[in-house]
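Since the structure comes first, as structure tokens, the remarks are kept for the end.
Here the chain labels run A, B, C and D in written order, and each chain numbers its own residues starting at 1.
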Amino acid sequence: MRKLVSLFFIVLCVTAFAQERPNMVPEMTEIWDPEVSVVDPGETPMDAPSDAIVLLGADKAFDNEWTNGNGGEPGWNFDNGVATVKSGTGTIKTKREFKDFQLHVEWRSPEEVVGESQGRGNSGIFLQGIYEVQVLDNYNNRTYRNGQAGSVYKQHAPLVNACKAPGVWQTYDIIYTAPRFKADGTYFTHPRVTVIHNGVLVQNNVEVRGPTEYIGIPEYSVKPHGDGPLILQDHGNPVSFRNIWIREL
Amino acid sequence: MRKLVSLFFIVLCVTAFAQERPNMVPEMTEIWDPEVSVVDPGETPMDAPSDAIVLLGADKAFDNEWTNGNGGEPGWNFDNGVATVKSGTGTIKTKREFKDFQLHVEWRSPEEVVGESQGRGNSGIFLQGIYEVQVLDNYNNRTYRNGQAGSVYKQHAPLVNACKAPGVWQTYDIIYTAPRFKADGTYFTHPRVTVIHNGVLVQNNVEVRGPTEYIGIPEYSVKPHGDGPLILQDHGNPVSFRNIWIREL
Amino acid sequence: MRKLVSLFFIVLCVTAFAQERPNMVPEMTEIWDPEVSVVDPGETPMDAPSDAIVLLGADKAFDNEWTNGNGGEPGWNFDNGVATVKSGTGTIKTKREFKDFQLHVEWRSPEEVVGESQGRGNSGIFLQGIYEVQVLDNYNNRTYRNGQAGSVYKQHAPLVNACKAPGVWQTYDIIYTAPRFKADGTYFTHPRVTVIHNGVLVQNNVEVRGPTEYIGIPEYSVKPHGDGPLILQDHGNPVSFRNIWIREL
Amino acid sequence: MRKLVSLFFIVLCVTAFAQERPNMVPEMTEIWDPEVSVVDPGETPMDAPSDAIVLLGADKAFDNEWTNGNGGEPGWNFDNGVATVKSGTGTIKTKREFKDFQLHVEWRSPEEVVGESQGRGNSGIFLQGIYEVQVLDNYNNRTYRNGQAGSVYKQHAPLVNACKAPGVWQTYDIIYTAPRFKADGTYFTHPRVTVIHNGVLVQNNVEVRGPTEYIGIPEYSVKPHGDGPLILQDHGNPVSFRNIWIREL
């Protein structure tokens, strides 16, 4: 219940110069409506809030929310809420498509260390299907800076390397703003992304220059698009994922 | 160890039209140096990473990092890492000053519910000493939307109300970019702030219009400033704080 | 005709460290398509280019492009391409509506000086019908800074006062980017405006906070809208306009 | 003289709901101080305003404001305010250095058409010495779109091709905002540039990605810098310049 107030006050403006602005009162800068919607947060910041769509969880069938790249059954291993890349089965993709969102993902690189640089614990999260936040085991594993865990792949190196050891679950909290397009098909506003890796800020609302390109310049392949799915990459390494939830903004 | 490669390849550009761009190779968009610094993340995203300054913690004396508003001893109660507003003793303020940062704060409104609207569990976190992120018990407590918990006070209502019940610890994860100024003392870039409340995004890199004003228009009181402290507000309610850490960006 | 090139070259990458990027060649960063459209510029920068819509010109009937505020005949005086406010007849408004644009306007305050502050040679150009660039005779006429000629009225004072004397024709060159909206009706991006007054920059891509308000705070009255007309204000003073052209961007 | 007002009014707020904001009055959003500085504009928008520095004009010695690339005498031809590239003598450079500015330049490609694509009437204006706005005779002369007249060379094609014929004087009006840097030497804000070519907008506050590179990717060569000179390019063609003025912002 809000307070009923009986305001009866006098604003006295001295009869001096017009440029002395009359005093305001606190209520002039209070906005009451519309009421802000209530969201029930998770117990910890890692748990899904009440308005989140749980995309990967222990109590969900894998193929409820995911397909393989061609719309068929996802080929990855799935056990008790944990999905693990099965090399050669290709990407998995959400059935739903998204525009702007907050996304929570937990991932784990294989405990047994195999390979180096981009060959170790490599996967990726493609926002709207085309903008990749890199997943990689960079724990004591050097690679090019703009291809590290937490990078916007080949566009923005992470601010720091906040990787945990192989075999340990890690978190990404991602805030994504989709691009808007001009009539001529170029960006009116670029995509923007913030990434927090294991609680550490690694991307601060950076501007994505264009679709992720392994070869070439992202600006050159910009094409207008609407909402898009999340895609998780099969890069040949048995990287695992769990507890993925998303809130549309 | 990075891979040594023996690249010896030929880029064949057909003798056709100049506008067919020659092919690039993947290595042309790989940046290796400087190496990204390693940060040891906390065990959970709420725990301080290795490069954080712990401002409030169980193993720190209160007056190591904090003073009252006048530079003297902070007047609040402090017990085992928890600082609680002691009404009438005024704000507390960090000795250190900051520019751009990532900040983690945990706060708790009093379990016993007293008052309503702005009178219930009210405190605040002033970034650089002048830009307030509101702390308020908004659990079943309506107030003006731009004065709620998670608001940039009187400037930006939170996207949602993610409050937990009185007496329960809550988290703010804040990413703050300080303003830069023109020679004439106006903003070259405004302050920007992202706030995640209990794991839920409530401010998405919003532009702060000016210093927080209880009365009046923030734009009108912009003045150039350098780094500034964190200030926690005494608004008369025994709100508690714990586990405050900050990472300079 | 473009050059045909016979590129046949070898990129030699030393067998040393992978982080030495292979050399690129100039053609890799040349984009040929689509060809840029040709526009025939005016003889001077004040003359309408070939792709401009002429809204007010000597060879156009006044009511071709303009109505009064209610869609009827415009009530102003019109003679040989010059439209002059006829006090009491109200605003005039374009029949066309616009989104993003470049706009050229010439205006003249009455040679005979009458009134002071906001009372002298006052009119205005409302972009999309709601965002006003102020027209005022500020030649030796002080008023509040955020209400001067070249101001975004009550939001942004001009960088300088570049007024010519009463009775002399003046120019505004305006670059306007319309706002985009979120699903909830708030701005996704604010309107932005650049104003060049008599060849002098007075607004540099400033962010418009909301619709122009004579009383109150612009942020509080933001409502989603599509394209909108240009509106010229009748503020009671016989201000004249001529040579208005616009290019949709 | 400003109006003296005797405001004595009562704001009556009905005793109903607190969310009805009390009415404001117009004077609450009027800002009088500091007074906006007066600038005397040129007779036409092409003429230098009173606060401009004239860098190239009929009444100035050439070497007052310009040197060659090494700080010596500029090697170009100079006659009655017109400077013309003398092939092989290299660039010319202002003695002064600038941060943010408004710049007016007039240029003319040789009347006799020689060469094609980038070989015809090629020169360039380097803002802060490193960010090039291309000068080229693109009148019936196709080249790569991101290398045309009015392009930010190899970064942003012009919105349209507004070239005049060879031998005819053309204008560039440029608004430039210098980058600001972070402590780590990367951009805090990128350079931004607006270009109006012969009165036609060709660049609308675009973000410059990095220093102009004939070969390679601009982002990769960003280095922190302070103010910088204007540089005009000797690209082997006898392009002429006149009436260059600049206003520091």
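The rule is short, and it goes like this: a contact is a pair of C-beta atoms (placed from the backbone, for glycine too) under 8 Å apart; a residue touches a chain by one contact, two chains touch by 3 or more.
Chain identities (UniProt): A, B, C, D = Putative multi-domain protein.
Since the model is a prediction, treat every value here as computed from it, not as a measurement.
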Touching chain C and also chain D, the following chains: A, B
Residue-number overlap at the chain A/chain D interface, same or different (half cut): same
Between B-C and B-D, the pair with more C-beta contacts: B-C
Cα-centroid distance, chain A relative to chain B, in whole angstrom: 19
Computed distance of Cα centres, chain C from chain B, in Å: 38
Residues of chain B whose C-beta touches two or more other chains: 2-3, 18-19, 21, 24-25, 28-33, 117, 144, 217, 220
Complex contact set, residues of chain B against chain D: 18-19, 28-29, 31, 117, 144, 180, 188-189, 217, 220
Chain D residues touching chain C - in the complex, by the definition given at the top: 1-3, 21, 23-26, 28-42, 44-47, 49, 51, 102, 104, 116-117, 142-148, 154, 157-164, 171, 173, 175, 177, 192, 194, 196-201, 204-205, 213-217, 247, 249
Complex interface listing, chain C residues touching chain B: 2-13, 15-19, 21-22, 24-25, 27-28, 30-33, 209, 217
